[in-house]
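Shared chain: chain A. Partners: chain B in the first complex, chain C in the second.
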Partner chain A sequence: MDEARIARCGLSPRLWLAGGWLLLALLAAIFAPLIAPQDPLAQDLMLERLPPFWLDGAEPGYWLGTDSLGRDLLSRLIFGGRIAFIVAFAAATSACLLGSTLGLIAGYFGGWPDRIISRIVDVWMAFPPVLFAILLVAVLGTGLSSVILAIAIIDWTRFCRVIRAEAMGQSRMDYVENARIAGYGRVGIMLREVLPNVVPSIVALLSLEMGIAVIVEAILSFVNLSISTDDPTWGSIIAEGRLSIHQAWWVLVFPLITLILTVLSFSQFGEALKTRFDPVLR
Partner chain B sequence: MSACLDIHRLSAVLPNGQRVLRSVSLTVQPGEVRALVGESGAGKTMIGKAVLGVLPKSVRIVEGEMLIEGEDLGRLDAKARRTLIGARTALIPQDPLTALNPSRRIGPQMTDRLVRILGWSAERADQRIRQLLDEVHIRDPERVLKSYPHELSGGMRQRVLIAAAFAAEPRLIVADEPTTALDVTVQKQILRLIAQLQRDHGTAILFVTHDLGVVAKISQKVSVLYAGKVVEEAETAQLFAAPQHPYTRALIAATPRYTDPFASLRPVDESVLAGLAAEIAAADKGWRPSHG
Partner chain C sequence: MLLQRFLIRLLTMLVTLFGVAIVVFIVIRVAPGDPIAMMLPPGASNDDIARLRALYGLDKSIVQQFFIWLGGVLHGDFGTSISLRQDVLGLVFNRLPATLELATVALLMAIAIGATAAILGARSRGTAIEAGIDIASGATLSIPDFLWGLVLILLFGVLVPVFDISGRVSPQLDLPFATQFYLVESILRLRFDLTWDLLKHMLMPAVALALPLAAIIAQLLKQSLKEVLDLDYVVLARVKGFSETQVILREALKNAALPTLTLVGVQFTFLIGGTVIVERLFSYEGLGNMAIDAVINRDLPLIQGIVLVFALLFVLINLAVDMMYALLNPRLRHG
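Here is the complex of A and B:
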């Protein structure tokens, strides 16, 4: 039994590929000052628009080339990862806590708590999310904490809807009825009988949401509404790359690849985690 | 001495006013097994749920009393009612596949109730559970206690649920078709187990079933239910020897017999059903809930 379980985990390349990329990116972001080959902010007009290492005219030490101000692209991507991960973890966790709690309450208790929470979710989802984000950041002011807050405020509904549906299904289960007969209180049943069964979904959603937070942050950076300092972010690099696409395609392409790989990894990692957290699927 | 369970003229309605229970009265004496038999939709599960306080929200009790050991459930506030039901009753559910929480191990699921609701010490609860697992003939309690529900067979899970039901020494157990979801080969063992534990512990059981064969094996008294109305009530032996109501006679006649496996099945006769419909209509005519 245990051997079979280990073997099955070993056979999940999805988990290892996604987890591997995330770990690599995370470590690079944490140790950015140690491993970045250049200063990400240092400009040198003598070195502008250097191509990546396999093309003619590349300079050693500038592996992915430079942008139109002569800044090293690889170093900027590594440092940009710091903001991406901070936003991903902080925003997704906040959205998750808020949305899952409300979803659990709405789904398990039903009745008027459900009606109130569901109406709020309906109203919330009527706003186009990106416009909502831009509006929020405009109101809250730019900066890291406003970006995190904006994403959490917009995306809690995603957790709320899914967890509500799952908790609703759970609350009709015989073991919930048994717990009521035994004399457990409603809150006790919610935490003891319902919550453990929705944890796999919460984990999957949380990971997915981290990917979404990375995208939203990139979108906000792209429209110049994210972090107002000079710190490189993936979104701002993409925005700059768009301007020089005909002279230096790499400035656009590498951050895009990084972004796509990261977002994809988050969602795949979440799916794989879900199966590992679920005692029936495991 | 008061009855373990006393239901008196209990009526319940759906939101559209349709009656699902029609002045049901029945008693279960301490240590007695009372079978509640009827076809599906007759309201037998509904009675069990009413006793345990877990009726669906749409079903409303409009008349009658339920007393557990002389205490009127209708006169208690919600909290006191829950405490009383929790301490004196237990359920052996119909479907062992959905009655255990899939994401929790068996051990904690079984001891939790003893520790948290009844305030036992952890060791005492653990010992008690092991003793009960032994009584339901589970030979490797270590493995079972550490398992998740999906790692056990349906029969094993039903044994676990039976052990859990008896663990807190309830005075009354509601067994809701406890063998229906199981393989035929396992049904007999489970039935024998329930009967054995019932005798050893002296627990009263309200045994809900549609299977007259099961009724004959396990119960001392029977109530026959049709459309939420008790049409006949008798000692089990007497019911089979001399059924009084035409519907009971038809039910007994409809039971397939192993001695004659090639005989065609006999459905309940049209005239009997027509008679029942008339009886129900007569009962509903002029009926008003006495309160509520």
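Here is the complex of A and C:
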């Protein structure tokens, strides 16, 4: 029963679809210059607002149509994926490292480190996250590293809260007490005994956070505060699509579908990992 | 016991707000670009700049500046907006009602949709209906309000254009309102034509904000209901001949609602946080939309004011939920 359930978790069609989409999008982003049918920046006013290939008036080579400046939508989506994945991996990993470290310290040591860290988390939770992100990027200056830094500065609390609670639970377990009696140092126990037991939660949260980072980047692009305006990002394509929604719906529809699939895939992965590692849910 | 809990919470709340004030102050002072330079016309002399710096206290040390600013805030003086040249507090209070109305309508929708789905799922537990509700709520939960907003714009603004996709109210309408609580006032004045217009504008941003929360409520409340439905007193009600829906509504719901209530409180702050981008998306003239403009215009006093008001709102909601929980939970009430 247990094994069958695990196998089902690991191999469920939903997870296959999620993994397949992420792999496809990632490969497309990595090999963007090779597979993008057009130059994503090339403007041609003769080709403005071409519809996607199945509609009348479509041009061969412009599969998903063009935007109001005549730029190829598919190529822009493929290149936009580069920014999305770089932000997803870099921002989520940074938030994870910061949040998990603080959460582990707060949860395992308790006492005043816990009180200080928990107070900081309280303060952070009192900020509207989107406004905080927009403010940070405005302060740090637009650009890829600012976006990554802003997301990490805001979202570390997601990791900290969960890992703190888990580490607190672990530190009350017998094996931690035994290790202490056996003469191991506190830091040693934390890293060698407690950390491995909270890693599953960290990995599951990391996957969820990647989806969140993609959205935050899109929101920042949408309000024109992400990276330079020349490079295509999913958010900037959406912003463009929102403006020309009545003339060229496809400029909004395709990046929206891309974003939804990506976010759903990351969250499916996160959920599946959580279920897989959680002994109670399993 | 309850009073003690309240006082401790209140103290924690003040510490949190003080922390927020420090963080906002530091973040904004780190900002490159001289806010004074932006206030003056080009060609202002160095003397003018120095005089203005002194006027705004920018010639003092950063710690002094912080306490001067904090002192002002405590007296209700949040400074003057640089881009709009008006009192920050006045601007914020002018926009806050729009955001509060939007968030409240969204919250009510989330509770209505979520509770309906939960009751439906609990009633038909073990069937395809429950499985369908699980899948739908799982997917709904994973898609954030920003994307829901865009989906709704496409569906009901373009494909089937039945709702307005921008603004708070039709611009050609004459508004006889004395306050900024348009929706409340239109109902009180029995101007239901205006209520309808306001709701038509509010519906889509509210649904976008409500859907993720509705999904969370559906999942958690269904879980609690299913646990309660196996308890003796519920079984007794069923034996007495009540139908399953009656059993859920009369007996189970009251006891299953407590965990959901706590969660809804925390999630309501997330919902309010979501208004920032959703208002932008629908050009809804609320606080969040003004906040984004303030950031883009580098209007530091206005940003500070808006962030502080949001933070105050968040901690007040958490306090209220905590107190409500303590009042409703018999173990804490008599403990």
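Heads up, the rule we're going with is that the second predicted complex is superposed on the first by the 260 of 282 C-alpha atoms of A that agree within 3 Å, B and C clash if a C-alpha of one lies under 4 Å from a C-alpha of the other, contacts with A are read in each partner's own complex, and residues count from 1 in each chain.
Rule of thumb we're sticking to: a contact is a pair of C-beta atoms (placed from the backbone, for glycine too) under 8 Å apart; a residue touches a chain by one contact, two chains touch by 3 or more.
None of the values given here were measured: they were computed from a predicted structure.
Per the definitions stated earlier, placing chain B and chain C onto a shared chain A by superposition produces no clash, and the two fit side by side.
When the shared chain is aligned, chain C comes close enough to touch A:Ile219, but chain B does not.
When the two structures are aligned on the shared chain, A:Val199 is found in touch with chain B, with no touch to chain C.
A simple residue count on chain A separates chain B from chain C, and the partner touching more is C. Within the superposed three-chain model, A:Ser267 lies in touch with chain C and out of touch with chain B [touch as defined at top]. Here the apex is the CA centre of chain A, and the angle it makes with the centres of chain B and chain C after alignment on chain A is 90°, in steps of 10. Once the two complexes are overlaid on the shared chain, A:Arg186 sits clear of chain B and of chain C alike.
In the superposition on chain A, contact of A:Tyr175 is made with chain B only, not with chain C. In the superposed model, A:Arg115 lies in contact with neither chain B nor chain C.
When the two structures are aligned on the shared chain, A:Ala138 is found in touch with chain C, with no touch to chain B.
Between chain B and chain C the least C-alpha distance in the superposed model amounts to 17 Å. Remark: chain A residues 173-175, 177-178, 180-184, 188, 192-193, 196-197, 199, 278-280 touch chain B in the complex.
Partner chain C is touched in their complex by these residues of chain A: 119-120, 122-123, 125-132, 134-136, 138-139, 141, 211-212, 215, 218-219, 222-225, 238, 242, 245-246, 249, 252-253, 256, 259-260, 263-264, 267-268, 271. For chain C in complex with chain A, the touching residues are 12, 15-17, 19-20, 23, 27-28, 30-32, 138-139, 141-144, 146-147, 150-151, 153-154, 157-158, 269, 272-277, 280-281, 288, 291-292, 295-296, 298, 303, 306-307, 310-311, 314-315. Touching chain A in their complex are the following residues of chain B: 52-54, 82-83, 85-87, 89-91, 93-95, 98-104, 112-113, 116-117, 148, 150.
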